[in-house]
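Paired with subunit B in one complex and with subunit C in the other, subunit A is shared by the two complexes that follow.
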Partner chain A sequence: MKKTVLVLLGLLLVFSALAIAQGYETMPADAKIIPLGQADTPYADAQPGVRGGIFYCATISNPKKWNDVTAHETSTTQYTGLMLEGLISTNPVTVAIEPELAKSWDVSEDGLTITFHLRQGLKWSDGEPFTADDVIFSFNDLYLNEDVETDTRDILVLPDDSYPVVTKIDDYTVQVTTSVVFRPILNSMGANILPKHALAQYVHKLNPDVPVGTFNSAWGLDTDPSELVGMGPFIVESYTPDQNVTMRRNPYYYHYDPNGVQLPYFDKYVVLTVASQDVSLLKFRNGELDALGIRAADVPILKSEEAQKGFTVLVNPDLPNYGTSWIGINEDIGLAEGTHDNERALFRTRDFRAALAHLVDKQAIIDSLYNGLAVPQWSPVSYLSPFYAGRDYYGGPVTEKDAVIFEYSLDKAAELLDGIGIVDRDGDGWRDYEDGTRVEIELNTNAGNTVREGICLIVADRAAKIGLKLNFVPVDFNTLVNKLFASTGELIILGLTGGPEPNNGANVYKSDGGLHFWHYSAADNPTEVEKKIDELLDAGVSTLDNDKAFEIYKEYQITLAKDDLGLVYTVNSAFTYAYYNKVGNGNLSSPVATPGGGGLADICYFK
Partner chain B sequence: MITYIVRRTLYMLPLLIIVSLISFLLIYIMPGDYLTRAQMNPQVTQETLAQMRAAYGLDQSVLVQYWLWLKQIILHGNFGMSFETMRPVFWTLFMGGRLMWTIIVSLTTMLLTWMISIPLGIYSATHQYKPSDHTLTFFGFLGLSIPNFFFALVLLWLLVAVFKVGNHGLGVGGLFDNRFIAAPWSLAKFGNLLWHIWPAWLVIGTSGMAGLIRYMRGSLLDTLSLQYVQTARAKGLPERTVIYKHAVRNAINPLVSMLGMSLPGLVSGSLITAIVLNLPTVERAFFSALQMQDQYVIMGGLLFFSLFLLLGNLIADILLAWVDPRIRYS
Partner chain C sequence: MKLTGLRALVVVMSSIALLSVIGLGANLESIASNELVPEISAAAGMALADSYAATMTEAELEALAVDGRTIGLRTAASGALAILYRDKTEDEIMAILKGDADPMIRAAAIEPAQVYLVSVTSDDEDFKLTDYLKDIAINGETHEMRLAAAKAYYFMSRKSLKAADLEEQAVTNDSDELAYAAGEALSGFYLSFNPKTQAELEDLAINGSSEGLRVAGEIALSSLLIKSDLTALDFETTLLSIAGTKSAEYRGAYKIALANRYAQ
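After this line comes the complex of A and B, so read on.
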């Protein structure tokens, strides 16, 4: 009896081991083939690889949960992003939209309906089939469900405040209908798809036994990793706080290389939590990490060891990261309190803002604060976006032929200030307002950010040279944000995140946007320039023709940079990255995708 | 004695409540809140922010928030949820063996520090003003005055750039080398743990040694000048017996109460070292909660540290009474 039980137990173990190890019997007909190494594809510079090995990289903070829908920040989404996939994705090399879980899509004549055709025969990492029900669940029961706390809903909202209607046509066809034409909706529909069979139990709408909001705490850090299910290349296997997250290969991943080898190549993907960037640099030099995102200051030391230790330091001074960095000029200063009349009138004068733009000594900032590894910035749209106005056409090469450049020039700045009557009236060397009081402006940034503090010092120094008094006062980050939103700051240097889609900046640049912090009163009373920007932003989303949209966004960027100048842009750090040469395809790294940043995780391999 | 301990323990309760109220007010006075960072995200609308603020109860007045929090503790023993992890605060602070690792690292460091400092202190006192005394004092103060974060970084840099431990397959920082992370416990894994933990012993240990050496030295010197020591010497006892049997036993009393006082140091006091050496400690979790303004986790952490402080004081008093028969509490 005892023996039989033991034999049965043994068999059970063998079978369960088989169940874990199994994947597709043959490559699914709808698998996504990544054309590694094939000419005339974005992957021409890549190589097909071999399977095996454990990849190590590092990150600064611990994950907060495994729930992608309610996650707010990259410390969580760097893992959930690897576990999950969306209907469409952006190509890690070209940033162009390409099919992912949907193998194709059609857009109706009127542009109001998109029909997605899903790949067939795919399975979740636990072996359950992937169907249209998962898509419907993700959008209708999660993202668009008011009980679920998610900021993805904010990118799905249409200009008329309605949401897209997502319906199932059959098991592998999903239709999305919008009330108005909204170009970014295609991109937004790329939001990650979640497994209905694993998560429906936590959604009150589908399972009334659980209280409202249960989903918000589902898939927390205490969830047994074996319950986590995804469609992405890697699934979380274990987590040790302050130490590491280990991810295992998804046996049912549907990406294959041109030789028919199932991706990802790495058996395991381990992210070490290293709180200090100095220590992660040491760990990289010690050979404990295979790849690392590095700071400009780390480049010289790594370059000196590059040949000897066999790694590559990627430095591209012409390839800046996403995001913007700027001086915000508060045009509403003292409006609510009825004070600061002089400043407010000055800040609302376009020529003053232009003078300030001429005072930003970008070259000095780049040389002294970034080791030369940054580029001047002039547009609200990120350089990498296909809509960047420095490009010749949508997605075309960057030539900067239409760039609005306020070159560093003390003479031009002084001339502009003279022109608006800001001159030294009492001979003390500092410029005064018309009523004789000295122009004295406070310049803030968040204390502790040495680069931003350096920018403040450089700008204040250059301003002093033409008699414009800027007082640099660093303040705590949260205080600074409060100042920004309460319109009590004068000049503030800060940055914002960016991405390929220009409309994601609508909340910032529209006159009634929640982040239009340099001129909140524009919501009721926009200037002519702001009205034009609003119109351009509306026009940019209401055409599905990317070339047409490009022209619209180009005019928008030029108008903002030349005429609005509510934000005066500074510089943008360049992309710097290091990886050991044994990591195949690491050469494809860019600000969009790196082996350790997730985007190339499935196609990198060990040589 | 028992009634004394019970009374002291009961006093802790109102004290902790006062501590919690002050802490709560301080957190409230800190500019911004948990959602300040989300405010700067261009993709998050004001409506979503308002919804989240209401969901987290951050739209209520500070006293209402405090009262609701306190009520949950009294009625349900619920110390609140972490905004970040959506899990109970103490789970968030202690998860993954953080509490255990904190105590292991601190306790071993403390043991080592004491085992080295006390004999050195005795040696220093018995060789007062000799070159060896000055040398010990010098190195003690050197350890005290080098900032921990700097020492830890220099140590790691030495290992990587000068000794090139990577060539021997050894890692720096954290608890284990990569290959041992997922491996089951073995002698090799334990050895690897020792390899990763000794920098912590060195960095944290050296910062505490100077104090202990000086305390022990001073206390022993005071004792050595007392008449009973002269009597012992006059009786013709060997110097060894005079020092260890008569003098040290009395000189060590103040240090025994210091031992109790160092209890709170077991759970807090090595934050910077833990960050640089990448050790999982409760304090790091507390620090990251502070950075994110995850307010109930901050409260939980403060209460936890306060409790240890109060317990440490109590234990110090008890130890003192235990080693010194002249002290009696009633």
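After this line comes the complex of A and C, so read on.
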């Protein structure tokens, strides 16, 4: 009996030692040094910090799972993004691609083969070694495994519909081969790497004892957090629904500051789950949160307390967020039902869509709805992208020289409508179709979004000034999305996310894209303009030369904005953020990286 | 004694007290306990709130908020209670706000109540949160209950109100508390989208035609003062020189700025 107890105690001690990973004894030779505060680096405006403290931020949604591979929603990826890393990453300051788990890579002359050299001596958060096997597992057994439900496969598909071939050269070298040149391949290879030793057991291909699809439910919310393993700065420690997610420092994180201090600086990273964005704002004002993403309407109330309470409100009217906001014009309205012939013909007329573009009073929208904190939007590619057509060259300054600008002009809008025979035929002040029926169009957005509702009212008001009747009807968000996918809406104001890489919009702008919602019938019968857009998107990914790609994407944007006009762009809100001054390096916050939204979580610290 | 003479005496006494505590390198507690100029005492109290919250019990703080010998000590206790009250339930907070506790204790419940007030829901299809809050801001049982609701009302209305709306409502409103809260909300516009100069804000804090407008000037001015290069001694000197004069809001701006310097 006594012996059994001793044996059990011994086992427990061993398990405890495994569970509480202690971290590296010395800094790994291949550690990634973040040059905080060093001149001539992106981190020149940052400072090395000190370890300690618990960082608090907030969200309004519970996570859905801990499985990054199958996640569709940011309520999950905001945590998995902190737990995991990819072969490459984007610099949080410059947004340039830089080495991450791979310390370097070579590209073959023909651009078809990339050889990644992995950092050596790194360990997962549970102390297991990180090797090429984890990379091969992540791509070949997860992302490219048809049994696994993942969106990442969509960004790995090549122009000839094949996928990259990922092979292990040795324990620290991985080769990726593509059948054709695919410029965004580095972006695509930035997908997070998962631990083979922890997850292979859930993959039918590697463990036939489990049913097909088992991996899709692995690492659910019912998983004991102690089983979660990562290479990122923080690991989930506990989760209480509707209250919080607590993440602890990964003892084996491989980022270090210039003084040799292992990152992250914070001991813990806690995300509170709150009822609404309003509650988040109040908690921030109370000092219960250390940082917060805010909206234009929040700026005055925070500015009044900024100095007294010791926080900083970042407001940059010239720095818009990624993403697009637009009016979608449904060119397939009534197609399936055999109705809405007048509307469909009108919506399919390019000059009508151009007239609508001239009716968007962007300045009024910016002034009255965004307190000036927004910029006009002209393109499907985000203003911040180095490929934005308003730049002079790849990554160059924004001059809007080549942007297709439909300035607000009632005269031009009226002239275009007159030109296509949409005129007032009965003298009642409203424009009519050729058959004499009044042009009367429903304009929808999601109810409760006061900014979008305001945009609808402004557009309808300006249209009325030239006799074009737009009836604004706010509808429930899910109903609106259903209308979008069922092609039953007429004009809809909504938005899309965005990023630096134009090809990430291929699912929207390609004629057969899953989100080509304004003209789904184009999948079978694309217009000449849509065919051209398809060709340009394929061409854009088929060169490794960014300058050439820029010229291709410029033509793509001009074609979309000038000739296609399926989406008429409105405005893009400016970056606004708030953080307490005690959060060191919070000054680096930008649309792509914040202390609370990721990107800076490993280098922020408490002063 | 004429009023002018009384003020002069206060200033002299305050100067002596201030010089003495500064000369002795006294801590904030000494200033809060001994300073005769109420704004200086209160500023020290504001700066003490965090440490009191960390070191004193709720019962001790409630006693000090009521019986503290100076405004500085009572302010410190009330500010500390506001921090401790964040852990109270909605029912507990509302009971304090509506109850017959000392106003310094009820005041401590105003900020913690905001989270609950903006989260109120109803099964009634016609329920509108801003209407509900406005009704409490007008008809609430106590000044503090009305003020908490008024602050929540303007918080929830922030997306639809511009500076011009708030300027009007800071003067004319259905309750003093609503006018006050409108002034608070207005101050942020004076620091962002509708900026005013320091001279304009000083004039507003002194001569604003309503308490709401003067509050807008007070809060915005305090922000500029905090961001200036002025020291705690500069603010103390100013408060001594204007003790009992100008307006409560103008003095309040310097009090807030001094509290900030004390807290550093």
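The criterion applied here is as follows: the second predicted complex is superposed on the first by the 587 of 607 C-alpha atoms of A that agree within 3 Å, B and C clash if a C-alpha of one lies under 4 Å from a C-alpha of the other, contacts with A are read in each partner's own complex, and residues count from 1 in each chain.
We take it that a contact is a pair of C-beta atoms (placed from the backbone, for glycine too) under 8 Å apart; a residue touches a chain by one contact, two chains touch by 3 or more.
Worth saying up front: this structure is predicted, and the values here are computed from it rather than measured.
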Subunit B versus subunit C on the shared subunit A, clash or fit? clash
By the touch definition at the top of the document, which applies to A:Ile458: first (subunit B), second (subunit C), both, or neither? neither
Taking the superposition as given, does A:Asn286 touch the first partner, subunit B, the second, subunit C, both, or neither? both
May I ask you to decide whether A:Asp278 touches subunit B, subunit C, both, or neither, giving the answer as first, second, both or neither? both
Touch check for A:Met189: first (subunit B), second (subunit C), both, or neither? neither
Identify the partner contact of A:Leu417: answer first if only subunit B is touched, second if only subunit C is, both if each is, neither if none is. neither
Taking the superposition on A as described, I'd like to know which of subunit B and subunit C A:Asn482 touches: first, second, both or neither. first
Quick one: name whichever of subunit B and subunit C touches more residues of subunit A. B
I'd like to check the shared interface: which positions of subunit A are touched by both subunit B and subunit C across the two complexes? 275-276, 278-279, 282-283, 286, 288
Okay, in this complex, where on subunit B does subunit A touch? 30-33, 36-46, 48-49, 51-52, 55, 84-87, 91, 95-98, 153, 156-157, 159-161, 165-166, 171-175, 177-178, 181-182, 275-281, 284-285, 288, 293
Subunit C-touching residues of subunit A, taken from the complex the two chains share: 275-276, 278-279, 281-283, 286, 288, 297-304, 306-308, 310, 315, 371-372, 450
Under the stated contact criterion, what part of subunit C meets subunit A in this complex? 86, 111-112, 114-115, 118-119, 155-156, 158-160, 184-185, 187-189, 191-193, 219-220, 222-224, 226-227, 256, 259-260
Complex interface listing, subunit A residues touching subunit B: 54, 56, 61-62, 64-65, 70, 72-73, 149, 151, 153-155, 157, 213, 216-217, 220-222, 238-244, 246, 270, 272-276, 278-279, 282-283, 285-288, 476-479, 481-482, 485, 494, 496-497, 504-505, 507-508, 514-515
